[in-house]
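In the two complexes below, chain A is the common chain; its partner is chain B in one and chain C in the other.
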Partner chain A sequence: MKSELQKEIRYALRSGRILILFASLLFLALLTPIMLKVVLPQVLGGEVNDLVMMTQRDCIRSYLGDVFEIGGIVIAFTLCGLTACELQGDTWLLPVCAGKRFGHMVGAKLLVFGTLQVILPVATLLVDYLYSSYLFGFEVGISAVLFSGILQSIYLVFFLSCLIMWGVFTRKPIPAGFLTLATAYGIQAISSLLRMQGWTPSGLLTQAMELNPTVDSSLLISLTVTVLLIVTTMRITMAKLKYMEWNERSAQ
Partner chain B sequence: MITVTGLKKDFGDFQALKGLNMHVQAGEVYGFIGQNGVGKTTTMNILAGLSRPTEGECLIRGKDVTAVAHPGDLRVGYLPEEPKFYPWLTARETLLYLSEVPDNKRVEEILRWTGLVDGADRRVGGFSRGMKQRLGIGVALVRNPDLFILDEPSSALDPEGRSVVLRLIKDLKNMGKTILFSTHILDDIERICDTVGMINDGRMVFEKPLTQLQVEHAQPVLDMIPTVPIRPDVADALSKVVGVVSLTRSESSWAVRVAHPGVSLTVMSFLAEHGIAVESFAFRKARLEDLFLKEVSDK
Partner chain C sequence: MRTFVLTKDLLVILSPLIVLQVSLVVYCGIIIFREGVQNLNRKTWFLICLLINVIGPVVFLLVGRKELE
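Right after this comes the complex of A and B.
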């Protein structure tokens, strides 16, 4: 497993994936406070502006929403080739013949990029927290921000597991990205419509928006469902890889 | 080492293999020849555990290839036709990544053996096709398997690259390894193979030791370039001379297949009788290529 982890870390660093993700999330983290403090008042104008009082809490919530909506698209299309390109480009052929286990190859991707999905959003959320406190003043405690950041990161790990699974099924990066976005936005839309967000990974985002570091039964359900879904997507991915025929194009 | 019996493989309605039989002995270099699209890569994929047969039996060291849970469990050094590496890894990192247990000393040995020491710390993305092919053979050796399946290892390489790859295959043979390799460069087969198997339309046409094949089909060939064109009636008469098996014209030269070398005297006399001088009159053994073309045209 160590060699697989090393390989994924090298890929993340040398392909510039970390830089792209960090720059995109940092951009959102810095842009959101500016938009709410400077641009929005100018757009709304005098009287309306007095009615809409933006706070640091609103600013952080807005950033969390942006990460789901815009950040999700960036993550989907930055990491859509994680498994799809390996299959499309036949780069998994030699490792498979060399005895590399599917569990290790896929697990290393989930572990390395999952860790990035925790570190980068939390780091940029802290940037957003500090910058919004500079513009709006301190209102929210750091523990609440960290708690929300971690909940959102767990959701993003689920998002990543979908990318890995759809990549193996489609063998094409762009369709894998679209299918992952469809899965994430679809779950969000359906669970909102049926008022059952607490029973889906979307419940983690709802809880994150609360900026309230307390663990209740609803959060525990969302966490359990998310972890179960991550495990399920990984098992489906593994099953698909196990019964896959390799090097087909060259043979036909 | 390898026993294949009645191997069939379907891709939808297309039948790629139609009951292939094959036997590869331990320690030999087996040349697998055939035109493009006749089922060489399909056979090799199945033997490497990468694809499942529709029907038939494939045994490697007596073990059914379909019974293993993972292709890597077959312990076969496999080199696909176009090995794909991670372009952002160096050659050294690639070998270390694909090693069973990372062993710097062994990786260093392989780099030296494949002649990649100078490029060891360069990213594979910048490698030439020949360097990639050499790295591919190194990768196949990294787990020290006793069986190698190499799909067209010398194709699409320049003469120097081909020569290096053939040298590596010879080295593997000297290490006591068994090698099954496919190619359409028949000269390579004649240079390094012990046994030759020819596949056509998903079936094995013949499978014989190279030496036996050369004896059985060794009808000598006279290549000659006449100074004046040979008239059709004279060519017809020449083809009827006792001992002349066949006569083939290729632009200005003629290839006369004869039953035995002594017939060359009769041919020379015939040409002298008809006043035909020749620029060149070369006697050679029939090549595998002649046999290959004959088998293909017969089919």
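Right after this comes the complex of A and C.
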């Protein structure tokens, strides 16, 4: 397992994936307060602007929404090749023949990039918190921000597990990215329509946007469902890899 | 039509974004001219990184960077 972890860390650093994710999320974290403080009043004009009073809370909520909508697209297409490229390029063939376990190889990916999905969104959320407090003044406590950041990170780990699963099924990075986005946005749309967000991973995003660091029963349900879905997607990935044909040839 | 006036205060507010963009352009410029590129030529990639704010460098790092051997 140690060698797989080292390989994934080296890949994340050398391929610039960390930088892409960090730069994109940091851009959103810095842009949102500017948009709400500078651009929006200019666009709305004097009278309407007096009616729309933006606060730090609105700014952080707006950033959390942006991470789901825009950041999700960036994450999907940055990490879409995690498993798909390995299968497309047959780079897992030698480790499999050498006796490496699928569980270790996929687990290392989930662990390394899952850790990144926790660290980067929380760090950029803190940047957004500090920058919005500079522009709007302090209103929200740091514990509420950290709590929301962790909830969002857990949702992003579910997003990552979908990317890994669809990568194994499609063996192509771009379709894997689109299918992951369809899964995430589909769950969000359907759960909003049926008013059952508390029973889906989208409930974590809803709770995160409330910026209220309290654990209630609906949060526990969302958390349990998300963890169960992560475990299920990993199980499906393992099952697919176990019965995958490794020496198939394309028809001439 | 409303006009945006670039005041000193606005420049201070925008400075974190400017620092982010400049550092990304410098980093991508070093990669473009040292390691090489794929899909487009060096000049085009550098112009994309220079002119398209943040998205340009991100797109370059995703699809323009020469693949690792």
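Heads up, the rule we're going with is that the second predicted complex is superposed on the first by the 248 of 252 C-alpha atoms of A that agree within 3 Å, B and C clash if a C-alpha of one lies under 4 Å from a C-alpha of the other, contacts with A are read in each partner's own complex, and residues count from 1 in each chain.
Following the convention adopted for this analysis, a residue touches a chain if its C-beta (ideal position, glycine included) is under 8 Å from a C-beta of that chain, and two chains touch if they have at least 3 such contacts.
Every value quoted in this text rests on a predicted model; they were computed, and no experiment measured them.
**Q** Considering only the touch criterion stated at the top, classify A:Ser15 as touching first (chain B), second (chain C), both, or neither.
**A** Once the two structures are laid over each other on A, A:Ser15 reaches both partners.
**Q** Given the touch rule stated above, what does A:Thr78 touch, chain B (first), chain C (second), both, or neither?
**A** second
**Q** Of chain B and chain C, which one contacts the greater number of residues in chain A?
**A** On the superposition, B touches more of the residues of chain A.
**Q** Pick one for A:Gly45: touches chain B only (first), chain C only (second), both, or neither.
**A** second
**Q** On the A-aligned overlay, A:Asp90 touches which partner chain: chain B = first, chain C = second, or both, or neither?
**A** Touch partner of A:Asp90: chain B, not chain C.
**Q** Could you look at A:Gly137 and tell me whether it touches chain B, chain C, both or neither (first, second, both, neither)?
**A** After superposing on A, A:Gly137 lies clear of both chain B and chain C.
**Q** Looking at the overlay, does A:Leu31 come into contact with chain B only (first), chain C only (second), both, or neither?
**A** Once the two structures are laid over each other on A, A:Leu31 reaches chain C alone.
**Q** Where on chain A do chain B and chain C both make contact?
**A** 14-15
**Q** Applying the document's contact rule, which stretches of chain A touch chain C when the two form their complex?
**A** Chain A reaches chain C through residues 14-16, 19-20, 23-24, 26-27, 30-31, 34, 37-38, 42-43, 45, 74, 77-78, 131, 135.
**Q** Which positions of chain B touch chain A when the two form their complex?
**A** Residues 11, 14, 16, 41-42, 45, 48, 50-52, 69-73, 75-78, 80-86, 88-89, 93, 96-100, 102, 136, 139-140, 142-143, 151.
**Q** State the interface residues of chain A toward chain B in the complex, per the touch definition above.
**A** 2-4, 6-7, 10-11, 14-15, 89-91, 93-102, 242, 245-248, 250-252
**Q** Under the touch definition given earlier, write down the residues of chain C that touch chain A in their complex.
**A** Those residues of chain C that touch chain A are 2, 4, 10, 13-14, 16-17, 20, 24, 27, 54, 57-58, 61-62, 65, 68.
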